[in-house]
Amino acid sequence: MSDTAIYRTQGFGQELGFGASPGLVIVDFVAGFADPEMFGGGNIADAIEATVALLAFARQQRWPIAMTRIVFAEDGSNGNLFTAKVPGLLALTEANPASRIVAQLAPLPGELVVDKRLPSAFFDTGLAAWLTQKEVDTTVIAGCTTSGCIRASVLDAMNCGFRPMVISDCVGDRAQAPHDANLFDMKEKYADVMTSHELYRALLRRDGRATV
Amino acid sequence: MSDTAIYRTQGFGQELGFGASPGLVIVDFVAGFADPEMFGGGNIADAIEATVALLAFARQQRWPIAMTRIVFAEDGSNGNLFTAKVPGLLALTEANPASRIVAQLAPLPGELVVDKRLPSAFFDTGLAAWLTQKEVDTTVIAGCTTSGCIRASVLDAMNCGFRPMVISDCVGDRAQAPHDANLFDMKEKYADVMTSHELYRALLRRDGRATV
Amino acid sequence: MSDTAIYRTQGFGQELGFGASPGLVIVDFVAGFADPEMFGGGNIADAIEATVALLAFARQQRWPIAMTRIVFAEDGSNGNLFTAKVPGLLALTEANPASRIVAQLAPLPGELVVDKRLPSAFFDTGLAAWLTQKEVDTTVIAGCTTSGCIRASVLDAMNCGFRPMVISDCVGDRAQAPHDANLFDMKEKYADVMTSHELYRALLRRDGRATV
Amino acid sequence: MSDTAIYRTQGFGQELGFGASPGLVIVDFVAGFADPEMFGGGNIADAIEATVALLAFARQQRWPIAMTRIVFAEDGSNGNLFTAKVPGLLALTEANPASRIVAQLAPLPGELVVDKRLPSAFFDTGLAAWLTQKEVDTTVIAGCTTSGCIRASVLDAMNCGFRPMVISDCVGDRAQAPHDANLFDMKEKYADVMTSHELYRALLRRDGRATV
């Protein structure tokens, strides 16, 4: 039996659908993850480009918007087990331009910038409370990497009760096989997965307007 | 460049090593996940058998031991987004024998049984505080499934500051490709991965005793 | 300068106001806290009686309703620092009738029963995610004790982004001075505090119906 | 019956005692809380002075040391329910000297500076994981205010499994009655409370050295 057939037989992969009130979460699209010489590569650059349109759409819809960065203290005092596994992350300090969100996705005033030191956009960051205060019930998720911080953020979005919607062309990874494997896991267990065009069509149809 | 080569170039996959004080966490080895007709299959039965020896070793070493189960309320009142994706999980109630830890791993008095409703052994369960009180700094992790509750538990063990050690022959999955893909991700980013025999050798060597 | 004057000068004690979507959280109104010979006394019995009407109101309004209990394992394996300070809490096990929610507030099917082992209704319980899934943004809080589990639950409601509304005649404490001191702290820093009749009037006025 | 007598009868207020490995947590001793014109007053200045010796002691003992500050974004984008209750807190931004730790307690390299936006030093900050990685099991707590961020931090220290030790002359509040009421609550339910001299004597006695 194929992997997918096993998951079908056991009843995995049901669709969550959208709630009433989406928000956009863009994970770690910073200079250091856009740079193949640092933590980037693979389809990350393509995902950043697709996210430019997604961000414009979210702003037009007046969704709450949050963007994450990885930022450690200059003296490394808040290093952790994640930096023990991946020591190069400690270079991502406030003073390092590699920590800056890429110019084409620069946040506007009032958009939340979440500084984090772990894979998840939610863990120990205050993002869940911020989304709750904004009455968000559905998190549209873009960013990188699919097999790391996206997977962790999607899991915690679900854990915290925010329906996770993974936008497949707006998430990227330095390597294709982990990208594909993690999209599979997330779709079967934690999230709905769709392209940005499927997202636009679904939401505009729901709101009774012409599709894009 | 191969996936592994990319990860080597970017500095992933360093070894955490053991701390001073390990504990054992066995995730979801319950009847319903041992049964291929329910949520089991693949190499889960083999992983359960290998964990019998691991549990005996942990008891001999007097490690704190915790075991998790998935348990929902009989009336489904605490269903969540996880059960929206995988509705069959709601059948795992206290009254259902499928929720019971398999007989060969039955907990002894004083071992912690963690009832959970999400993938992670840590999220909203109190496990982290219990391990802290027991002065555990390293979590040796067995259970199922590798691509689901093991991955989520390993991520949260790291998030919470407990070094995660994944025992590769003591974790199992209903499907081989997700099992392999998630061992790769965990080894590169979050955890040390080793066989149970490598674990025994490493710890007995450290303690100055003859190897097994 | 009086305490209150200091707080006024420094700008504390602003009003939060109600959000769009309230839920009711009843904390630890179980037999063992109704019994002055166990953990009860003071104004707790009066608070339980006032909460009977509040619960009827919440059900009529179709608010999501959650009730907490303190429940430890029969073998004490999940004891913690709270039980180290207050050892008698370990007697509150599933088998002990003292752990049962008092009869006049018994939950209906679909109402959430939260088993907890710490003061807060939120900490490590999954309540925040459940409220998020129910799209609750405001938590109306009753229960006991004001200086213990109410204070802790109100703090975490605020931390998690749910506006806390403390219903002053529906919260009780075994001793009056801590009751009063904690209502003061909560009103200045974390929550709106009002009587149940003020609550009914405020919400019915908002909904354009005759006041009670 | 007096409040204290009720608590004695019901078995509250047992002593936790020290664990093997203490750490020091100094909460919000920043310029804005040292200044009676801003958020200070009462016995906060005295508590800061007493904490100078405590910090020197902790450094001599080579304890892990963490200090918290309240810091909001310049554009207020991460404001929350706490700032809705106390709007003046939003002025505490990175650029505001009021956010700086007071000079006499300035952190040394390697000491953790925790930026927070809620009362607790732990909630959504990563402090618990940092303490776990440092193998701390006991948190010695100083700072301000006793009725606010100290109470919240002590509660979460207990929740997370770190024995909280409140140093009564090293915690301060803008108003005396809330200071006293919260020391009472913490001593009965969550923490051991002692003066700094009692702390020094207890630890030096334990370590077999002459008392101070």
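Just so it is clear, A, B, C and D label the chains in written order, and each chain counts residues from 1 on its own.
Assume a contact is a pair of C-beta atoms (placed from the backbone, for glycine too) under 8 Å apart; a residue touches a chain by one contact, two chains touch by 3 or more.
This is a predicted model, so every value here is computed, not measured.
More C-beta pairs touch across one of B-C and C-D than the other; that pair is C-D.
For the two copies, subunit A and subunit D, the CA superposition rotation is 180 degrees, given to the nearest 5.
Per-chain Cα centroids separate subunit B from subunit C by 35 Å.
Each chain gets a centre from the mean of its Cα atoms; for subunit C and subunit D, those two points are 26 Å apart. Residue positions of subunit D with contacts to 2 or more other chains are 80-81, 118, 124, 129-130, 133, 159, 161.
Across the complex, subunit C meets subunit B through its residues 73, 75, 77-78, 80-81, 109-113, 117-118, 124-126, 129-130, 133.
Within the complex, the subunit D residues that touch subunit B are 19-21, 128-133, 135, 137, 159-162.
Those residues of subunit A whose C-beta lies close enough to touch subunit B in the complex are 3, 6-7, 10-14, 16, 38-39, 41-42, 80-82, 84-88, 118-120, 123-124, 147-148, 151-152, 155-156, 158-159, 161, 163-164, 174-178, 181-182, 184-185, 188-191.
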